[in-house]
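Below: a set of structures, written as C-alpha cells.
Across the two complexes that follow, subunit A remains constant while its partner is subunit B and subsequently subunit C.
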Partner chain A sequence: MKSLRFILICLVLFFIIFPLFMMTKYSLSDRESIVTGGKYPEPFFPFKPNLEMFEALSVRKDFAGAGLTSLWVGLLAVAFSLFLGAPTAFALARFKIPGIAILLFFLLSVRLFPDISAVIPVAELLLSRPFSLLPPVILVGLAHTLLALPYTVYIAKGVFESIPKDLEEQAHVLGAGKARTFLKILTPLALPGLGAAAIYTFFLSWNEFVFAYFLTFQGTQTTLPVYLLRILTWSPQKNFISAISLVICIPVIIFTFLVQRYMKEGLTAGAVK
Partner chain B sequence: MAEVRLENLAKKFDQVTAVDRINLEIKDGEFLTLVGPSGCGKSTALRLVAGLEKVTSGNVYIDEKAVNHIPPQKRNISMVFQSYALFPHMSVESNLAFGLKIKRKSQEEKMQRVKWVLDLLGLKGMEKRLPKELSGGQRQRVALGRALVLEPDVLLLDEPLSNLDAKLRLRMRTELKRLHKKIKTTIIYVTHDQAEAMTLSDRLAVMKDGRILQIGTPQEIYERPTDIFTAGFIGSPPMNFILGERLPFVKREEAMVGIRPEDLSVSLEKAEKSILGKSSVTETLGSDNYLYVDISDLLISVRLKPDQKIEEDQTIWLVPNLEKIHVFDKSTGRRVQWAG
Partner chain C sequence: MPSSIKLSYLLHKLKSNLFTIGFFIPAFLYLVSFFVIILVFLLKFSFSEGIPFLELFSANEFKAALWRTFWFMGIATPLQLVVGLLLALLIQQSYKGVGMVRSFFMIPIAIPALVTAIIIDLVFSYPFGPINDLLLGRHGFFPQITGVPVNWSGSEFLSLGLAILGKTWRDMPISMLILLAGLQTIEREQYEAARTMGAKSWQEFKYLTLPLLTPAILTILILRSIENWKEFIFPFILAPAYPLLGVLIERLYHVEQNPALAASVALCLVALIGITTLIFTFITKMVRKYLVRV
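For the complex of A and B:
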C-alpha cells in the first residue's frame, strides 16, 4: 500500500514538474542545444545555459503591453465579480428567496456549455454597440466576470453562511444599524473568504484564452494567453516561446505558494464554523 | 431601568405557534425568569422583547411605550445570547466598547465604563485578548459585560450559563445574583434549568407549549403549583404523583395527588393515612438522602431524615404530610381545592 502511494505521488509530481522543467530548460537553451539537425541527441540540459531569451523579452514593448493588459483585465474581473457577487451571495445566504434553486442553476449555466459555444453570444453582445465602444480591457474584464461570477457567488455564499446570524443580531442589540453591522462585523469576517474568491477569479482571468481571443482578435491590445498564440503563429524558436510561457506561469506559481493556506481556509469557510 | 409589559403577545412561525398569547408584567429592577422545557418558546419570547422577531399579534411595552415597531438598536435593551456572540475579530476591549462607540460617548467616559465592567467582572488584564484566547467562563463574562456597559433599561439573558461546566455554572449563578443586587437593572432571564430559575429569580414564569402556566415567586410556585406540569417541573427530585383512588384518605374522584419527597416520612410500623410500600435503593444527593419506595407499579422518592437508614426490600409505610399535598384534577391538570 505504502509503496503504491509513493509511486502515485511520484507520478503526479512528474506530471506537474516535467512541463515546468521543459519550459525552464528550453528558455535557458543556447541554439546548439535545440537545433541539433539530427546529428546528435538533444542534451538533457543545455550546453551553454543563458538568459538571452529573457533579455530579448524584457525589451519587447508588445509583451509588456500584453502583461499589463492581463493584469488590468484580472483586476477588473476581480472588482466586478466581487462587487456584484458578494451582495448577491449575502442575499442568497440570509434571505429565503423563492425559486432559489432555479436562480443558482441559471447562474451556473454559462459554465455548463463548452466555452467555445458560450463565447459566441457573449462576443456577439459585447462587440456590438454600445458595448463595442468600451476599451477591450473592460470588455474582456466583463466576459471574465461572467465566467467567475458563479464561483464568486458560491464561495461568498458559503462565507456568509459560515458567519453566525447571532453576531449580526448582537450588533443590532448593541445599537448598530444595518450599514454599520455590514461594515464592522460582516465585512471583516468575510474578508479572508472573499479574498479566496478574488484570487480564484484573478487566476481564472489570467489563464483564460477563448473569450479573450474572440473579443480582441481584431485589435492590437490583448492578454498574455492570446499574445502567446500570436507569437506561436510566427513559428518562433522553442527557447523564445518557452521563455514567454514561463514568465506567464511564474506569478501564478509564486502566488499560489504564498496564499495556499489562506485559500484553503476561504474555500472551506462554509464547512467549518 | 424600566418596566416591561407583554400583552397577549403571540408569535407564529409558519405552522408552529412558538409564543401563544402571553401576558406578563416585569417590574422595574426585577429579576424575572422564563423557565420551561426546551422548545416551549422562551427564546422566542425574549427575542420579541428585544425586537429581533416581529410580533404576530399582541404588544410589547417598555415603560408603557409600545415598542412593536421600534428596531432592536433603538430599544435601549441589551441581550446576551446563548452562544455569547462575541465578535471574533475584536479584542475584549473592542467588544466591550462596541456599543459605547455607537452611542458616541466621549473617549473618557468610554474608558471609564469599560474599566468599570472589567473590574466588576474580574476581567482585568484580558483587554487585548481575542475571544478565542479566553476560557468559556471568561467569554461568558465578556458577553455579559458588553451588555452591562451600555447600562440598558432591560437586560435580556438567554441561557447564559448553559455552556459552562457544572462548577463554573454554580459560581456564575451566585455572581449573577450579586451583580443584580448591585446594578438593579430589570432582567429577563431564560433558562430550562428549574434550579437556576429558583435560585436566581425574584419571580418566575413557567412556560409550556408557548403558554405561561404560572407566574410567581419561587416560593409561591414551589408551594402552590397551579397545575400538574409546573408541579412536576419545579423541584428536584421531582414531585411524586399518585392516582387519587390509591389514597383512600383523599376523598376525591378523578384526582392526581402530588407529594414532594420531603413531605413524606417513612414509618416501619403501620400508620394511619399511610401508603404501604417496599423500600428500594437509597440515593445521596448532596446532604440529603432519598429513599426510593415501590408501591406496586410506582416508584416514589422520599427524603429521609438525617441519620435515618432503611434497608432494601423492607415493608414500610409512607406517611404524607397532609397539609403539604397537592391535588390536581386528572383531566384538566389544574390544581383543585382539597380540604384534608
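For the complex of A and C:
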C-alpha cells in the first residue's frame, strides 16, 4: 500500500512538474535546441543553456509596458475591491440585516454568468462613451474588481467574524462611534486577513485573460497575458514565448506557497456544507 | 410633545440604519448594477435586434459548437472528478512530507490558464516537438508508436482532447480540495469499525468512503460541469479550428464584428448552464433521499 502510494505520488508530481520543466527548459534554450529541423530529437536539456531570452526581454519596451500595466491593473483591482468590499463584509459580519440570504445571493449572482458571456456586455459598456474616455488600465481594473469583489467580501467577512465583539463594545463604552471603531480598532486588527484577500485579488487580476483581452483588443497598452498571446501570434518562437510565460508565473508560484491557506478558502468557498 | 419624541426616535433609527446601509451598499451596488447591466444587455441584444433564435439554432456552425461543448463537458467532468479523487486520497493521510506534497499539488491552479495552454501547445507542436519525438521513437528509451508525426491541432478529436487535458491539469487542485474536505468529515471510528469487521481496504473504499463522499462528489459534478460548459481559454488556444460555444462567442464578436449574435450565443450558454445546474440539483436531491432511506 505504502509503495503504491509512493509510486502514485511520484507519477502525479511528474505530471505536474513536466509542463513547468518544459517551460523553463525552453526559456533557457539556444537556437539549435529548439529548431531541430527534424535531424535530431529535441534534447531534454538545452545544448547551450543561456539567458539570452531574458536579456532580450529586459530591454524590450513593450514588455516592460505590459508588465507595468499588469501591475497597475492589479493594484487598482485590489484598491477598488478592498475599498468597496471591506465595509460590506463588516456590515454582513456584524449588523442584523433583514433578508440577508437574498442579499448574499445577489452579491454572488454576477459570478453566475460565464466570463465569456459576461464579457460581451461589459466590453460593450466600457468601450463606449463615457467609459471609453478612461485609460484602459482603469477599465480592466474595474472589470477585475467585478471578478474579485465577491471573494473579497467572503474572505473579509470571515476575518471580521473572527475578531471578538467585546473590543467594539469596549470602544463604544469609551465613547468611540461606529465609524471610528471600524477605522481605528477593527481595520488594524483585520489587516493581515485583508492582506490575504488583497493578494488573492492581485493574482486573480495578474492571471486574468478574458476580460483584459476583450477590453484591450484594439489598443496597444495591455496586460502581460494578452501581451503573451500577441507575441504568440506575431512570432511563435518557443524560447521567447516560454521566457515571457516564466516571468508571468514566477511571482504567482512563490505567493501560492505563501498564501495557500487563504487560497483554499477562496476556492472552496461555500462548496462543502 | 409625544410626536416630537416619536420623530426623534424615527430619525435616530434611520440614522443608525443609514450607517448599516452605508456600510453595506458599496460592493452590493457595484455587483448588482453589473448583474443587471449584463442581463439586460444580453436580453436586449438577443431579442430586439431581430436575431431569429430558430435560425441560430439551425446554423451548422452553432450546432457543431454546441455538440462539441456538450462532449467536452461530458468527458472532462468525470475525468476531473476521478483525478481529483485520486489526488485527495493521496494527501488525505498524514505521512512524512505530506505538507510538501500538498503544496506541490496546488501549483497548477497558480499557473495562468493561458500559460498552461500555450506550454501544452509548444510541447505537442507539429511536426517536430518533444511528444512527437517520443511517439516517433527518436529517443532510444521509448518505443516507436507512429511512423508519421501527429498533427495535434489538425484533428478535432486530438485538439479537443488536448484542451480537456489542459483544463483537467489546471483545475486538479480545486476538485482535490473539495473532495479532501469531504474525506476529512468521515470519522476515523467508522474505518476502525470496518476494520474490526475484517474489511479489506478496497471494501472500505467501496462501502464506506464512496457512499459517505457522495455529497462532495455531487458538489464537484455540479461545479465542474458549469466550469466546463463555459470553458474558453484552453479550446481557444489548443483547438481554434474546432470552436466550442465560448470560442464561437469570441469569434462572432471580434472576427465577424457581430455583437448581437455573440450576445445571443452567450445567452444560450447561460441557459445551458442553468439547465445543467437544475438537473444536477434534482439528481442530488434524489440521491440524498435514497441515501437517507438506506
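Convention: the second predicted complex is superposed on the first by the 241 of 273 C-alpha atoms of A that agree within 3 Å, B and C clash if a C-alpha of one lies under 4 Å from a C-alpha of the other, contacts with A are read in each partner's own complex, and residues count from 1 in each chain.
In this section, a contact is a pair of C-beta atoms (placed from the backbone, for glycine too) under 8 Å apart; a residue touches a chain by one contact, two chains touch by 3 or more.
None of the values given here were measured: they were computed from a predicted structure.
After alignment on the shared subunit A, the placement of subunit B and subunit C results in a side-by-side fit free of clashes. In the superposed model, more residues of subunit A are touched by C than by the other of subunit B and subunit C. Of the two partner chains, neither subunit B nor subunit C is touched by A:W234. Once the two complexes are overlaid on the shared chain, A:A176 sits against subunit B while remaining clear of subunit C. Once chain A of one complex is fitted onto chain A of the other, the partner contacts of A:V252 are limited to subunit C, with no touch recorded for subunit B.
Using the contact criterion defined above for the overlaid structures, shared-chain residue A:V110 touches subunit C, although it does not reach subunit B.
Using the contact criterion defined above for the overlaid structures, shared-chain residue A:I185 touches subunit B, although it does not reach subunit C.
Taking the C-alpha centre of subunit A as the apex, the lines running to the C-alpha centres of subunit B and subunit C meet at 90 degrees, rounded to a multiple of 10. After overlaying the two complexes on the shared chain, residue contacts for A:L167 are found with subunit B alone; subunit C is out of touch. Closest C-alpha contact of subunit B with subunit C, superposed model: 10 Å.
The contact surfaces that subunit B and subunit C form on subunit A in the two complexes do not overlap at any residue.
Per the touch definition, subunit A reaches subunit B in the complex via residues 164, 166-167, 169-177, 180, 184-185, 188-189. The residues of subunit A lying in touch with subunit C in their complex are 1, 5, 8-9, 12-13, 15-17, 19-20, 22-23, 26, 36-38, 40-42, 44, 81, 83-85, 87-92, 95, 97, 103, 106-107, 109-110, 112-118, 120-125, 145-146, 149-150, 152-153, 178-179, 182, 203, 206-207, 209-210, 214, 217, 225, 228-229, 232, 238, 241-242, 245, 248-249, 252-253, 255-257, 260, 263-264, 267-268, 271-273. Across the interface of their complex, subunit A is touched by residues 19-20, 22-28, 30-32, 34-35, 37-38, 40-42, 45, 86-87, 90, 101, 103-116, 118-120, 122-123, 125, 127-130, 133, 138-139, 169, 172-174, 177-178, 181-182, 185, 201, 215-216, 219, 223, 229-230, 232-233, 246, 249-250, 253-254, 259, 262-263, 266-267, 269-270, 273 of subunit C.
Residue ranges of subunit B in contact with subunit A, taken from their complex: 50, 52, 71-73, 77-79, 81, 83, 85, 87-89, 98-99, 102-103, 146-147, 150.
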